[in-house]
Amino acid sequence: MADPADPQVLDRSWRTWSSLIVIAIVLTGALLGVLIIPAVQGRSAGIDTFTAICRALGILPGSPAVQQVVSRNPPTPVSQVVWTPGVLQILAAANPERGRAKVTEVCFACHGENGVSISPDIPNLAGQSGAAIYKQLHDYRSGSRTNQSMTDIAKALDESVIADVAAYYAGQPMRNPNPRTLGASEAAIKLVELGDPNRNIPPCSACHRHGSGGPIETPVLSEQQEGYIMAQLKMYASGQRRNDVYGRMRAIAAKLTESEVKDLSAYYRAGLR
Amino acid sequence: MRNAERLCLAHFWVAFAAFAAAAVLGAWQMWVRSPLGAHIGTPDDYYMSVTAHGVAMAYVLTTFFIMGFGYFVAVTSLDRPLPGKAWAWLGFVVAVIGVVMVVITIAAGKGSVLFTFYPPLTASPWFYIGLVLVVAASWVWCVLMLVAMAQWKRHNPGQPVPLAMFATVANAVMWLWTTAGVAVELLYQVIPAAFGLIQTIDVGLARTLFSWTLHAIVYFWLIPAYIAFYTMVPRAAGGRLYSDTMGRITFILFLIYSLPVGMHHLLMDPEHGSGTKFIQVFLTAFVSVPTLLTIFTITASLEIAGRLRGGRGLFGWIAALPWERPMVLATGLAFVMLGFGGFGGLINMAYGMNAMIHNTSWVTAHFHLIFGGSVVIMYFAIAYEIWPRLTGRAYVSLQPLRLQLWLWFVGMMVMTLPWHWLGLQGQWRRVANFNYDNPIIAGWGPLVDVSLVGGLVLLVSALLFVRNLAALHRGLPAAVPRPLYALAVHPPRQVPAALNGFGLWNVLVLVLMLLAYGFPLAQFVITPSPSAMVHRIQ
Amino acid sequence: MPETNTSAADGSLEAVDEVDEAALAEVMRTVPLGAGVLAGGAVALLVLGYLAIYLLIFLPRGVVG
Amino acid sequence: MSEAHHPAHERRILGTELLWAFGVGVLVAVLLGMVLFTALTQNINPPSNVERIDPKNLHLSGEFAEQNLGTVVAADGSVTTRIIATQFMFAPHCVAVPQGRPVTLRLASPDVIHGILVTGTNVNTMVVPGFVAQVHAQFTRADELLMPCHEYCGLGHSEMWATVQVLDAAAFKPDAEGRVTCAQR
């Protein structure tokens, strides 16, 4: 008979018992969590045991304890644009030179050949995010956003030309902040940098500056035309413009006072950030 | 010390410098979130600060401290020179380079994704690569610890590995397992996305991989505190360790049960079934076992010391303990904080009850008590204990050391007790400011102010800690101190191989991980969940 | 490693370590009675607190799933 | 060999430790027993829907398109509330729910990770893009509560919150299509 104090003998019982205990514990957990709990819960909710177990495992959707609800009918979306790697691929593969051709043919008349517009009511596009330009042109084309002149122009463009134009304007240098306009109001700076927690308004800069990590389609706001921003904020507030997915801008614009709209438009004419 | 002093000191000073900076940021964050500091600083500043605070406390302080402490334990407990000291220095340099990269990206505002990342948000790739360098350096440390133990075993066949080294290697082994999850998440998903090589991320998979790391990493931070409990506290108190065997079992239980439980961080997530969550909740209950065993064993060890010092009666030994010694004082305070923090943890792990407090200040309070409280106060005690050995100098007085420990304890309690209550009211996490005009939130204001006071006390304590250590470098040279490590009542003469190495336990970890994480991870491989577009903060 | 006895002045971290075997045997007759009562009491409080939160706060707030 | 160093004494120490470990086992059993008991008798689970949905085209059609959001009472009387959590707002930003009736909250994110809780209740879930998060709940008191986003979702996270109006039976009135919106206050 082996000496019970022999380390080898000691070790064998350690191995056996610890393995048995550890595995028994985890199997007990599995038995309870994956079989017994869902079976009992399913029975009380009128769900068959197999379905309840599949739900507990995550193979079927829903809770093992509650009947699953049924979805509703499809409605009309506010924008047809879907951000996928494929769309980003189209944007990345766009040809700015072809875009320039289109710009010098059509767009330059209002938005300028290098993206600086001819009027305070028409947006600057120089250095704008390509994704933002793509989204708006796409929405004009699909009718999600309407504008007397833009709707017709966009309808004549196909997907690849939209991407080319977006790439061309995105590549134009943004102008330097104009020191004459830097005197922004305290209220505007606060809204841009802090937002207003009391009114559920996030800081504008959380989405509208480069690299903010916000929604992909948000335009970069800097050196933008004052009249254009003011008009858009008013159209969002009234619901006249509604191609912002889930009404993000409609909700915010509706909460802004008239003077805030003015201050913000002035702020972004300079583009402090 | 065989010339490892400089290596240890270099690691410790990086750790504590990061700690002091993070303490300043933490206090600032509390101030701007309170009614007193409303509307100061922008959300951009705040998230920059939270990211820096989390990275410094959770990655820099811990990793550097644990590496430095591991080298110290390897040299002192094995009484042999450290193998591969050049590798250790190389690891240190790589880790410092990583930290510098991380600091630069955060300061440039290109790292504001907090220390827990949240893909599909992504920061600058250099933020993640810096962190990967820190982790890679810690892997060098893991290998050196394993080599040191193996060499010692070769020279001392059949001898039990000293408990301090056994525990350190348990931690190294656990860390190798732990980092696998976050390493795969970063290298396979997040870093390619940050570089723009991929445009989408399977978020469910990313969260599951991170959860693999998320619980065991806390035990990686915690084990040095437990090493101090088992191997330093009994001697500091003037007694003996009640049971060496229980120490070994405790560290083994940490190794096997801290890993297959990470999904309790995902209890409120929609990407896993309730059954697979239950399995890990079940196992989570068992991760409380090593802590509860430790509470008893260490209290018993302290009772030995107290009674040897003349304590009588059922509780008389408590008063007889040498509370004037920082190690003993820190242990007492750590146990109190561990009690409160553990209580919060029991609530967190309770499956359905997690819904009551998930992502509220309750959770913030819980991990500040457990980590910031009991673990970090033991880091202080360890530093105070070994600093004279590293510098060859003696403290003029222990008074400032005790004051610092008390301040840390009081500050932590004043800060976290209100947080528990606020969490139950639903005060949520990770916001730069609260709208105190809202009637519900206005009611929280006074308690937020109280917790701010706690935060300021913590800041004072943190700065005093650094001062105490720095002052010692200019202290009087002193004789080589006496041995550090406690003897057990029954020092082990021979132990079963199972309690002297990790082969068996690694196999059991593998089995547990397969059972606990096998299906939850496989479901994303069998049919990837619909992926989300990357959102870049940079 | 040579052991040097430093004085028990406040400046020294060192614990008096020479544990007398006879004294140790003597105290081991009572140990861990106090520790058991203390740790047991603390853990019992923990369970009571857990049950209190479960029964008094969590369940009244309503069933979720 | 002194008495304290006798092997029998060493075994006694281990015996005491085992006794304590047994107590720990009882404790673990109590904690898990409580969880098990409420799971079996009251159907308490963490929200674990595991229903996959593509976050990229949520807005195009189906239940999470803009017009379908909010609270709706079905023909069988069951109440479902559909909510979008997006950077940095909830749609709708005020949610009407009935008092004392079972409600199913269904949430989805088109962009990044969000999460919700409703103050003073047990309603809590992560909203992970790629999945429909679902919470089955009953609101006990007629009240106005906060529903903040509790997970970091970007630089505007702090301003992301909605209101939950718990309406009593008199105030919870579905329109012809079964929709219920917040009362103006």
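Assorted remarks:
Per-chain residue numbering starts at 1, and chain names A, B, C and D are given in the order in which the chains are listed.
Heads up, the rule we're going with is that contacts are C-beta pairs under 8 Å (C-beta built on N, C-alpha and C of every residue); 3 or more make two chains touch, one makes a residue touch a chain.
Source: prediction; values computed, not measured.
Interface comparison, B-D versus C-D: the higher count of C-beta contacts falls to B-D. Distance between chain B and chain D, defined via averaged C-alpha coordinates, is recorded as 29 Å.
Put simply, the C-alpha centre of chain A and that of chain B have 35 angstrom between them. As a whole-number value, the distance joining the C-alpha centres of chain B and chain C reads 21 Å. Residues of chain C in contact with at least two other chains: 24, 28, 32, 36, 39, 43, 50, 54, 58, 61, 64-65.
Looking at chain A, residues 32, 37, 55-56, 58-59, 63-66, 83-84, 195, 197, 203, 205-206, 212-215 sit in touch with two or more other chains.
Multi-chain contact residues, meaning those touching two or more other chains, occur in chain B at positions 43-44, 112, 121, 242, 271-274, 277-278, 281-282, 286, 292, 296, 346, 350, 352-353, 355-356, 433-434, 438, 489, 533, 535, 537.
Viewed as a network of touching protein chains, the structure reduces to a complete graph with every chain in contact with every other. Remark: chain C residues 1-6, 10-17, 19-20, 23-24, 27-28, 30-39, 42-43, 45-46, 49-50, 53-54, 57-58, 61, 64-65 touch chain B in the complex. Contact residues on chain D toward chain B in their complex (touch as defined above): 4-5, 9-10, 13-14, 17, 20-21, 24, 27-28, 31-32, 34-35, 38-39, 44-56, 87, 109, 111-113, 115, 117-134, 145-146, 148-158.
Remark: chain A residues 63, 65-66 touch chain C in the complex.
The residues of chain C lying in touch with chain D in their complex are 21-22, 24-25, 28, 32, 36, 39-40, 43, 47, 50-51, 54, 58-65.
Those residues of chain B whose C-beta lies close enough to touch chain A in the complex are 39, 42-44, 110, 112, 121-122, 158, 198-200, 256, 260, 271-283, 286, 433-435, 437-438, 494-499, 504, 508, 511-512, 515-516, 519-520, 523, 533, 535-538.
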